[in-house]
Amino acid sequence: MKQLKILGLVAILAGLIIAPFTQATYGTYVLSSWLVFTVAAMGLNLTLGYAGQISLAQAAFMGIGAYSTALMTMAGLPWIASVVVGMGLCFVVGLILGYPALRVQNHFLAFVTLAFTTLAFLVMRNEEWLTGGIYGLVGVPRPSVAGLSLMDGTRYYFFTLGVFILASLSFWWLVNSPWGRAFKGLRENPIRANSLGVDTRLVTLLAFAIGAAYGGLSGALMAPLVQYIDPMSFTLIISLKILLMVVVGGSGYFFGPFLGAGLVIMLPEFLRFAEAYYLMIYAALVVFLMVVCPSGLLGLLSRGIAAIRSREPAERGDLKEGAQL
Amino acid sequence: MFKTITLATALATFGIIGAASAETLKLGNVAELSGPGATVGNAWTDAINMGVDEINAAGGVLGMQLEIDTYDTQTDAQTSRALVQKAIDDGAFLILGTVYSSSTIVNMLVTMQQGIPQIVGSESPSITQKGNPYVFRSSFGAQKSMPKIAAYLDEGLGAKSVAVSWVNNEFGKGGHDAFVAEMEARGIEVVADVSSEVGQADFASDVTQLKSANADAIFVYLHEEESARLLKELRKQNVEAPIIGETTLLNQKVIELSEGAADGIMGHVGLTVDAPNPEIQAFAKRFSDRYGYKADHNAMKGYVAIYTAATAIERAGELDRQKVADTLHNMTITVEDVPNILLNVSWDETGEVSRESFLVEVQGDETIVKDMLPAN
Amino acid sequence: MTETVLSIRNISKSFGGIHAVRDVSFDVYKGEVLGLIGPNGSGKSTLFNCVLGQLKPDAGGVTVTGQDVAGKRACELSKLGVGRTFQQLSVFPEMSVLDNLILAGQEHRGSMFSRLFGPSDAGLTEEADRMISFFRLGHLRDELAGSLSYGQQKLVDAAMAFMANPALVLLDEPAGGVNLTMLGHLKERLKTYNREHETTFVVIEHNMEFVMSLCTRIVVLAEGAIIAEGTPEEIRANQTVIDAYLGS
Amino acid sequence: MSDFLQLIISGLSTGSIYALAAIGFTLLWQASQTINFAQGEFVMVPAFFILIGSRVLGLPFPIAIGFGLAVAVFTLGFVFKRLVIQPMLPHGHLPIVMATIALAILMRELVKEFYSAEAQTFPALFSEQTFDVFGAVISHQDIGNLAVSAVAIIALQLFLGRTRTGRSMQATAQNPGVAEILGVNVQRMVLYTFMINAALATLASVLISPIYLAKFSNGEPIGLVAFLAAIVGGFNQVRGALVGGLLIGVIDNLSAAYLSSEYRIAGPMILLIVIILLRPQGLLGTSEGRTV
């Protein structure tokens, strides 16, 4: 099983490396935007999937990251510096936004974060002196690595892929460390976790802050990809789109956002044949998925695997003992 | 495992990207077929499709039949950017659209980088001010129409003060800024400056502010439905000041939706199917016969766009994008040459359009053209 | 048996006009299993919550191994060496039994940052496995805790309370809802643990049979005050206690 | 002064319609812990049912309203509860949130594709005649909206408080377990709640469409305001949603006029954050009867 998993990962990675060579520019662009949105969805997966705190603010964090990158790189500063600033800013704002989560949960938290996204949008649109207002900022440069310009779409794709892999590995490390267990503890049973020494207050804030920082990183990748940013790219609809990615893929599963972002971004492509009806079919599919499998596609998959396993006629003495207890 | 399969399917899908065959010339139409801009994008697209059929029936362009691929932006800027790229990948020689300025400003970067001529229906001034040598309008930007309105306010109405209601997006902001600049130039005071959101439903507060400013005139720069809602509220609160607008305010849709509240409003339109010109009347009839609804200025923009594209390629004489773009700069098309261009039109070196335009007034349910304003 | 682990000094607490606890004092010594019993509304829960720092007493104070618990958050209390179980089921249902136990111990290992960069299990797998086999849960090690039976989850809950090697464990109705076979197993394991590690227990329980056979000493509360204190045998024979329970 | 009065009166008139949407929203929450992100679309769609009745089927307008109401109660009440919400109830909030968001998109697209992408005029129940009060202009429509909303809310309160079915519904909302023991058919009561929500949404639709025009994209702003109203007023109180609706209507107008029209929605949003942080149960709400 483990070898199979590693083999699968290697195959996917190889696919991602070969992909742009089989693609026209558009395909490469779509793949790049999949990578970018996966990073944002990964962050939300930490906040929501692992730590159980709903947030509709991920688009706002992407916005903070994207504007930091746009403003700084257009002023001639290196991309990497803008990433540090953007992610740092998101981390701090995420900490602040985490505070309401200490008081309220569920739909209340959803609305506080929704309000935050709306306010962030208003600031991006109205504060023209800083953000360029509704026109946004045009001509965000793509960074160069070791003197190599990334203006070419395929090169920028590989750059994005590199950052994406780094982000995924750190995420993997994080959720498999004791911190990951503490996040899950917060989601599963915050009171019990607290009584076992988990500082739930700190963990909640961190879940928001780290998730937000991933949003910032995603924005920092997006601005040079699109080479243009405007407030409309960071509205509530985008937050909902990211939420959809996490939930459809499987919230709380490491690969959930990868799959979810892929579907949300690529599905319109597959449904193109349906022309004007595709959004309708798409929405109907989501409703159907939520009705039959609320834990998302990976939840469905793991349920399937569990069902197959339990059919294996293994001699399990422990079952007898278990039934007795 | 599942992921690998998804990816493989994705790769396969993208693999099937065909090249245009020799006898046809492929054009891409990227437009707002769904989302808030659906009405606008559909009128634009319908007119283009009608134009393509007529051009093909008349023998096509350079002996080739036109083939048009249509892409739906969902009125989303980033999607439009991706789709312009897709249209180019699919082999489009030239891009038509988008109509929403917020989308155009993003996707025109793609055509610029790849040297693809693009004819847009957007009116935000910034589009032709960014030094993009491949972007062309099919109707003029707000900075071209505002001086005409300003002249009318100043000389026609003798207004000393004006209240402005505008929609706070790319379209409205561009128009607003151009208008306010003209007002300053002419010494007319802007006494109330009220912005509203796209899709805003409640205009009570906006109207209260416009009303209490006691301006000599009210200038409205909103999308169609918002215009109708605003007009109804203006009438409800008994606002007496003359109401002046630009193209959208005088759209047939606004007159219909506002149920009488549009009576008496005046304004400037770049393109209107109510113009007495025989070419425009003929177009309006063909359009409503074919689609069962009345063409508006967005349909006219689309129609002009496809004829502009066809004429420019014909005049360039070969399928060379750079040459087509060069031809379009400083080009003039007259109605004598191409009747379906509807009005004599010329482009400057930035891709901006000059054309005659109209001063109209709504009387009852009718739009009456009061005056023809020369090109500037 | 002289080291004081928990010291309750003159605790009073009232809600509105009702005195839930009045002037209660007692000590609990190292290695003791103290039962805290009393009829419904006798003030057990209020007292319990004062010990856990969740309620602030109007007067008096609580110290654990000499440290004041007033105003301490649950996670700080845990760091002071206080473990607890809950009345209702309190495991992490979507995590494996092993992960439940590692989570129960990990916050006591190193600092926040050393944990992030340290091993994934915070070096606790062996200890967790020991605890799992101590409670005879070996066959369920990798199952999701939520998929276990009620009684099994109670065992996991208890095992979690011990992972951090606490000086004092508060057991809140451990016997509630557990079937007889399981109850015997639980009691026997708790006794063994107490013997082997000299961990101090305070038990709140309604099941008299269970309390009497588990505890070494019992404190009886009625109407917010201590009415009796002694070994299980003494309490069993105490007329005041019998009256309080039967109601007079 | 007359400006201020005008803003207040207009705010109350639209606020009363928001309140209808908000009340349905809180009813669903109480009965089944459902947060309906498609609530705005629930107000948008009935107008089209009615238009189908009057323009396609050629029914006289009052009968078309009845037709629209029946279709709405069936589809947005019965079908929505049985086919969408019921299967998801055991799985917590998130799937319902996602499914209702998707449902909102689905409803918008259906209306756009099968009716029209364009805004439609909608006949008004009340005349648009106006009169002046201290310089503020009030239309019969304003008064009508307030009156109809008030009557609907009072009737709902009486129904919930004075009838057997209504009390059973309240019992279900407060404690479904106990209600079940008392012999209440809990599932049926929840179903009634969904149907009442659909009826209130239809009413809101009839009142709002003459002013806002019927359009597929109208649901979004209405839904947002309904959430705001419900939270500000209090999630577990019918009265709360009423006060919330009126308050949001007025504050929206005032913040547009006196704060900044560019930051208009910021006023209600900041109010929302403050309320959630300081008084999460809402202005009139009591602490949640049901905690999860």
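Order of writing sets the chain letters: A, B, C and D. Residues in each chain are counted from 1.
Please note the rule applied: a residue touches a chain if its C-beta (ideal position, glycine included) is under 8 Å from a C-beta of that chain, and two chains touch if they have at least 3 such contacts.
Fair warning: this is a prediction, and the values are worked out from it, not measured in the lab.
Undergrad: Measuring between Cα centroids, what's the chain most distant from subunit B?
TA: C
Undergrad: Starting from the mean Cα coordinates of subunit A and subunit B, work out the distance between those two points in Å.
TA: The computed centroid separation for subunit A versus subunit B comes out at 36 Å.
Undergrad: Between subunit A and subunit C, what's the gap in Å when you average each chain's C-alpha atoms?
TA: Averaging C-alpha atoms per chain gives centres 41 Å apart.
Undergrad: Provide the C-alpha centroid distance between subunit C and subunit D, rounded to the nearest whole angstrom.
TA: 49
Undergrad: Please set out, as single numbers or ranges, the residues of subunit A touching at least two other chains.
TA: 125, 276, 279, in rising order.
Undergrad: Using the touch rule from the top of the page, what residues of subunit B touch 2 or more other chains?
TA: In subunit B, the residues touching two or more other chains are 34, 168.
Undergrad: Two or more other chains in contact with one residue: find those residues in subunit C.
TA: none
Undergrad: Following the definition at the start, I'd like every touching pair of chains, please.
TA: A-B, A-C, A-D, B-D
Undergrad: Help me check something: in the complex, which residues belonging to subunit B touch subunit D?
TA: 34-36, 38-39, 42, 168, 194-197, 199-202, 204-206, 208-209, 211-212, 224-225, 228-229, 232, 236-238, 253, 256-257, 259
Undergrad: Which residues, counting only subunit B, touch subunit A once they are in their complex?
TA: Spelled out, the residues of subunit B in touch with subunit A are 1-4, 6-11, 13-15, 17, 33-34, 72, 74, 76-78, 81-82, 85-86, 88-89, 102, 105-106, 109, 126, 130, 168-170, 173.
Undergrad: Which residues of subunit C touch subunit A once you look at their complex with the stated criterion?
TA: Answer in residue numbers: 73-75, 77-79, 83-84, 86, 90-95, 99, 102-104, 106-109, 112, 115-118, 120-122, 138-140, 148-149, 151-152, 155, 160, 163-164, 181-182, 185.
Undergrad: Spell out the part of subunit D that touches subunit B in their complex, as residue ranges.
TA: For subunit D paired with subunit B, touching residues are 3, 6-7, 10-11, 13-14, 109, 112, 117-119, 121, 128, 130, 137, 139, 208, 211-213, 215, 217-218, 220-222, 252-254, 256-257, 261-262, 264-265.
Undergrad: Contact residues on subunit A for subunit C in the complex?
TA: 174, 176-179, 181-182, 184-185, 187-189, 191-202, 252, 316-318, 321-325
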